[in-house]
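Worksheet: the structure to be examined is printed underneath.
Order as written gives the chain letters A, B, C, D, E, F and G; numbering starts at 1 within each chain.
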Amino acid sequence: MFRNQYDTDVTTWSPAGRLHQVEYAMEGVKQGSAAVGLKCKTHVVLASVNKASSELSSYQKKLFKIDENIGVAMAGIIADGRVLCKFMRSECIYHQFVFEAPLPVSRLVVQVADKAQVCTQRSWKRPYGVGLLVAGLDEAGPHLYYNCPSGNYYEYYAFAIGSRSQAAKTYLERRFETFKDCSRDELIRHALLAVKESLQDEELKSTNCGIAVVGADEDFHILDGETLQSFIDTLEDNKAEAKEAAPEDPASTSGGGEAGPSAGAAEEPPAEATPMDM
Amino acid sequence: MFRNQYDTDVTTWSPAGRLHQVEYAMEGVKQGSAAVGLKCKTHVVLASVNKASSELSSYQKKLFKIDENIGVAMAGIIADGRVLCKFMRSECIYHQFVFEAPLPVSRLVVQVADKAQVCTQRSWKRPYGVGLLVAGLDEAGPHLYYNCPSGNYYEYYAFAIGSRSQAAKTYLERRFETFKDCSRDELIRHALLAVKESLQDEELKSTNCGIAVVGADEDFHILDGETLQSFIDTLEDNKAEAKEAAPEDPASTSGGGEAGPSAGAAEEPPAEATPMDM
Amino acid sequence: MFRNQYDTDVTTWSPAGRLHQVEYAMEGVKQGSAAVGLKCKTHVVLASVNKASSELSSYQKKLFKIDENIGVAMAGIIADGRVLCKFMRSECIYHQFVFEAPLPVSRLVVQVADKAQVCTQRSWKRPYGVGLLVAGLDEAGPHLYYNCPSGNYYEYYAFAIGSRSQAAKTYLERRFETFKDCSRDELIRHALLAVKESLQDEELKSTNCGIAVVGADEDFHILDGETLQSFIDTLEDNKAEAKEAAPEDPASTSGGGEAGPSAGAAEEPPAEATPMDM
Amino acid sequence: MFRNQYDTDVTTWSPAGRLHQVEYAMEGVKQGSAAVGLKCKTHVVLASVNKASSELSSYQKKLFKIDENIGVAMAGIIADGRVLCKFMRSECIYHQFVFEAPLPVSRLVVQVADKAQVCTQRSWKRPYGVGLLVAGLDEAGPHLYYNCPSGNYYEYYAFAIGSRSQAAKTYLERRFETFKDCSRDELIRHALLAVKESLQDEELKSTNCGIAVVGADEDFHILDGETLQSFIDTLEDNKAEAKEAAPEDPASTSGGGEAGPSAGAAEEPPAEATPMDM
Amino acid sequence: MFRNQYDTDVTTWSPAGRLHQVEYAMEGVKQGSAAVGLKCKTHVVLASVNKASSELSSYQKKLFKIDENIGVAMAGIIADGRVLCKFMRSECIYHQFVFEAPLPVSRLVVQVADKAQVCTQRSWKRPYGVGLLVAGLDEAGPHLYYNCPSGNYYEYYAFAIGSRSQAAKTYLERRFETFKDCSRDELIRHALLAVKESLQDEELKSTNCGIAVVGADEDFHILDGETLQSFIDTLEDNKAEAKEAAPEDPASTSGGGEAGPSAGAAEEPPAEATPMDM
Amino acid sequence: MFRNQYDTDVTTWSPAGRLHQVEYAMEGVKQGSAAVGLKCKTHVVLASVNKASSELSSYQKKLFKIDENIGVAMAGIIADGRVLCKFMRSECIYHQFVFEAPLPVSRLVVQVADKAQVCTQRSWKRPYGVGLLVAGLDEAGPHLYYNCPSGNYYEYYAFAIGSRSQAAKTYLERRFETFKDCSRDELIRHALLAVKESLQDEELKSTNCGIAVVGADEDFHILDGETLQSFIDTLEDNKAEAKEAAPEDPASTSGGGEAGPSAGAAEEPPAEATPMDM
Amino acid sequence: MFRNQYDTDVTTWSPAGRLHQVEYAMEGVKQGSAAVGLKCKTHVVLASVNKASSELSSYQKKLFKIDENIGVAMAGIIADGRVLCKFMRSECIYHQFVFEAPLPVSRLVVQVADKAQVCTQRSWKRPYGVGLLVAGLDEAGPHLYYNCPSGNYYEYYAFAIGSRSQAAKTYLERRFETFKDCSRDELIRHALLAVKESLQDEELKSTNCGIAVVGADEDFHILDGETLQSFIDTLEDNKAEAKEAAPEDPASTSGGGEAGPSAGAAEEPPAEATPMDM
């Protein structure tokens, strides 16, 4: 479609009633490496693909703690995401200070979404180019939200965003109904397996992924490398179990595993597009 | 018509005296999933089509409570709509606080419309891309208003907005004269049937639609899933009754049912236009 | 004439010394349904064509009370007009409060015109797209003014604006010299007949038109449906009288009646141009 | 000359060192109906051509009183002119209040010119589109100034601006040396005859022209219709006298009378250019 | 040279390191009628060509008094020049008030130049289009400065600016070395003869030129018409003397006199470029 | 790729979800001469290639001290970098003053990154065109960060930026695993050898490179020329040692040495692109 | 190279990571007449080529005193340079007032550079178009800095900027190593000879050049014409000496003397580019 007239300015509507600049910013989320979130009855787990921009560097942080009970995984322009995290942290502190109670996750998510909406309606700004998976626990239990550059947010049972996230999403869609009753450790293993789907040909190691957990009995924290590696080591068994629990998987998983990367390959960020997270 | 010269800026008039950007924003309302409103002598009912953006997510909220006696259903860019809801809530609270009386629905609707008008006359903003069905009850009885991105508002007996709303509108136009004397429950059933028209081939379930009611004896509230399902379950009977009440319907309904979706199909948002509600 | 270079910005003069954007905004007035005003020695009557945007809606209000002795009928973008009405009301209240006397109509009209002028000289705004017929009574007697988007205003004996207003204007031009001595009720009947000319093939009903009156002995008020209908019912007789009073009419009226709508048809707003009043 | 690159913005110089937008605004003055000013030793007279925009309306006011001793006639965009009049009035009031003496005409004229200059040097504004003939009396005697959209002002013995003003200017140029010693009434008659030249084929009536006088012994005031008509009635005699005083006139006047309108016809504002005064 | 890309905005450098908009503004100075300045050991004389825009008007003032000891002659957009004069006057008053001493001419000239520089570096403004010849006397003796639209200023022995100023400059260049020891009256005569060179075919009269003087023993003042005419009347003798003092002149002067106007003719402002001084 | 539509404004997203202007600013870093950073367990060393813009000038400073324990090496637009250094210094002073403790390096780096992010989201600014290698020591030990124009930052073991940095990066990648246990002096020698790789055909001298160190027992300081030269003089031995430690080097180093400059040659800034550091 | 897309706005990066507008502003420095600076162990000398814009004018000042111990020579847009000088003077006064010590030259130079940097990063401004040679003496001895429009600054032993400065630079490059031990008077003679190289065919006179000195025992001051002429008169001898000191010179100097101007001729500003210094 030829659409060069209406897609350079965030304050310009297309004749079809669309805001192309907002849609393009949503494409920006796909440029970053994948992030995954999923929840059971008691816990929420966030996982991220960590790619170092070079052998010489450590990877860029993609999991951020916001408050005792809230954390975030992000994909897209991490610099934009940091601005939003900073905002979220001060909202939480402010609420705690004024009301002497933690800010409910759902309200925090709305405030972030409102902040993002402003950038979609002013000519001198641009929409944020980052997607946030917000994991939190409040009186209503564990929550997983996705905050999108458009200023929308959605609650999810499980979700994956970023580059080659389709394979992870396929993994999650097949199993998400069993997540509800998973234990914390099973949930972490599912997260790792979903992340693995987005890694294409790479092996899953404690250096190329990250896991964070928040739950009924534990504050939001990021697993250290050792703990993470021990989970990865148990995956072989877990995989087997998972296959048992979902016996129709083998074929479709391998099929999905093949289709995923090849579909994902088309989403691959071009080599020079470096400001995105990796 | 070739009109690329006057349709990129909200402060530019076309030679024919039109504001194309405002019209395009009104197209934005059609990109969201449908919302329906209708009223009888004592109640107003709002209904929405809830589409989850993915199997993994819950649907995005499209029904919002503003005050004890006022609520809103929206179609289009929900992030824009949230900003307006926030504004409406603080107007209600402010009025209650200052005048110790609820803000009449008609005045709230004007204030929202004035806020929307500002965005149609400043070069650094864009018109809101959301349509609001405002249901409210005040001393003058139940009201149903439609607030449009253009800054206009209209009072309706019954109305439907959003994607494939034409089929629902056709349903409403045929029966709206009977609504006045409907009971609350009949009105809810009409709302569900109108929503059903917009669903195309999908079955009506408590997960893909929502109903909210405000009436003489009940505050604005959104029906919980169970209650909603029980209404859906009674629809078969109701449908029969409805058909009796409007005996010329069967042919035209099926005709409308066929024509609606096919006409609606043309309005279908393109697959990549995701910031809209679904 | 090819004029694409000078007509997109309100701060740009054309080489011929014209402001095209202001002229285009004046075209916007013609996009709304017609409004009519006329006065006799003691009263001013405003009339409007009310078109519901759908069978399901009530029509959009086009007659507004500003103060005890002042009211307005509008054509064009009603959302813009509301902003101006709000401004007029606060000017009246302010003047009453400070000077303990009503604001003379002529001064109110100047203030509105000055407010409109500002929008024709700033690059970040657009001219208002609405025409106002201001009816008022002050110590100098009854007045009828027309406030134009250009920031100009004119005093009229009788005037019609909006879509297909030419037919109404023709009616008024033929008879306006007799208006001065009309009674209040005769004036209302003339207003209705003028409105009728703008209705094309539609029948005049209390639901598709509105009448407001302000006069020596009555505050500005909008006639209720019943009263309005009773006036419409007397029109047959009145028409006859009118014809007697202007015996050369029959041919020319029918001619005008034929010519009017067909000329008016060219002015018909395109089907998709919906933010205008209807 | 092809000059589309430098003539859309008031802050852009052309390579030849000209500001085209300012020149275009000066063209705007020619779009309004004519105004004439002339002075003798004791009086200044302003005259205007009044054109009603329709049979139904009164004409738009073009003569404005500023202070006891100062008044204005304008041609071009009257809405812009009103803004300047408002400014002039408050300058006069302020000066009277602070210095307990009337503001000298020459200083008022400079202040208006400075205000106009600002609009020729800011990118977010446009030059005013109105020419002002300022008539005033102060200790230095009677004055006639012309304030131009460019921010310049000139003192004149007699001058005419607006549409078809060339014919009036020709009339004035032939006789202005005799004006100095004219009586007040002779001056008014000259003003009327100059106005007549700009009327083309129309007859001079008290309804299509206006006269204002300020002089040694009378405050600035606009003649009422009756007085004006009585002056018009004496014109036949006056004309004869005038011809005697300038015996070479007959041929040239008729020539000028013919040439004037035909030259003026080219200046005629296009039918749709309505925001100008008429 | 094709240079349309870099010459529409004052904040845009051309690849060659030039600011075209500033250069164009300097062309604006050439559009106004000529002004001349020259000085001897004790006096500075400013002269201007005064052209009335019409037979009916007096000429536009081009000589302005700033302070007791400072005055200005200008060419170009007089409205811009007035703004600068106003600024200069308040700088002088402020300095006198604070330091109880007159502002030295050289510092005033720098302040004006700094004010002009700002307009060459902001995107929302345009450079002033006027050249100022500043004549002043302070403790360091008489000074003649030229303030240019570019924000530069130069001290001159004698200078001429504006339309057809080349002929005057040629006159000055031939004789300026003799000016130093001229008496006040000789200097005035030189000024008049230089002005004469710019008048092309017109005769020098007290109505088409102006002279202002400031000197050791006299405040800045503009000569009245009578005094001016008496100087003009003595020019014949003076001319003869001047020729003796510079015997190689006759040929070159007549040659220059011929070449000057014809070269000047090319600089002639186009007929429609009216906002300039004349 | 043809991409002229989305790459001129930092607030415009490309359809692929990229911000081209941010990517271009990152190219700006490659225009400056190289800078290198590397760390062991106790020290961080920064090195820079110093190129004098002319024989007559000293080189431009590229190593800056921020605080006792923090320093910076930069490549790209040094003027932009200075602004960031100034900001960093006042952040450090402020933190020391308020909390009586040094600002942790990691937090300083985030604050700089947040400042850079702002310039990537406002239409009236441009992203900074400088890359910063931040070396610091805090309670968590030595750190080396890279702050990028995009608002991202990465922690590195060793890194090189700027023109022809690829050769240095290759050198670092081959040996960085041995750096951890290097002594301070060995680390400096590695830094010099890495810098040497970026120098192409030039010899390493104390005048064309710079070294700064921060470590457990020494504040951040830049080595003086003498000390630096003595390190350079020891490099022959060191090189031999290094080759022993990495025996597979000789071939690959020379290969890299050849490939590096030839690849680097393509990155060479064009002769006229002088505002970059050199 | 075709580069019209990225070179009109200072906030736009080119795909190659360059800021063309900044580079163009640096070209602006070459449009002004040359300025030269050089230093020995005890003194700094600034020299300038002074060109009067006309025979009638004195030359424009290009040497400015900032403080007792600091002065400036400039090339390019002198109006821009004046703004920077004003800033420098108030920085010096402020520092003296607050700290009771003179501002070190190096810090002043940074502050000017930071001020220049701001103009390279804001869309509503343009980079300054002037190069400054800053000569100063502080506790660290004599300094010569060059402040560039890009916001960079460099310390130099000797440097030349402006039109035809290449010839002067060549002169300086050949001898600068001997400058260190020159006496004050020898340094002045070198400065004059360097300036001479930039003069092309003109003879060196005290009217077409200027010299300023600051040193261990003398405040910054500009040499008066007499002193300057006496230095010029001694140049013949000096030249001979200089040739002895650098015996390989004769051929290369004459060669350089020939090559310089012809290369410089290409840099010659076009005749109409007048706002530059001359």
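We adopt the following convention: a contact is a pair of C-beta atoms (placed from the backbone, for glycine too) under 8 Å apart; a residue touches a chain by one contact, two chains touch by 3 or more.
Which protein is which chain? UniProt says A, B, C, D, E, F, G = Proteasome subunit alpha type.
Worth saying up front: this structure is predicted, and the values here are computed from it rather than measured.
Mean C-alpha positions place subunit C (Proteasome subunit alpha type) and subunit E (Proteasome subunit alpha type) at a centre distance of 57 Å.
Per-chain Cα centroids separate subunit A (Proteasome subunit alpha type) from subunit F (Proteasome subunit alpha type) by 32 Å. Contact with two or more other chains is made by residues 9-10, 26, 123-124 of subunit G (Proteasome subunit alpha type).
Taken together, the touching pairs link the chains into one ring where each has two partners. Listing every chain once round the ring, from subunit A (Proteasome subunit alpha type) with subunit F (Proteasome subunit alpha type) next, yields A, F, G, E, D, C, B.
Against subunit A (Proteasome subunit alpha type), the residues of subunit F (Proteasome subunit alpha type) that register as touching in their complex are 5-6, 9-19, 22-23, 26, 110, 113-114, 116-117, 120-124, 146, 148, 150-152, 154-159, 169, 172-173, 176. If you check the complex, the residues on subunit F (Proteasome subunit alpha type) that touch subunit G (Proteasome subunit alpha type) are 4, 7-10, 20-21, 24-31, 53-58, 60, 76-80, 82-83, 86, 119, 123-129, 270, 272-275, 277.
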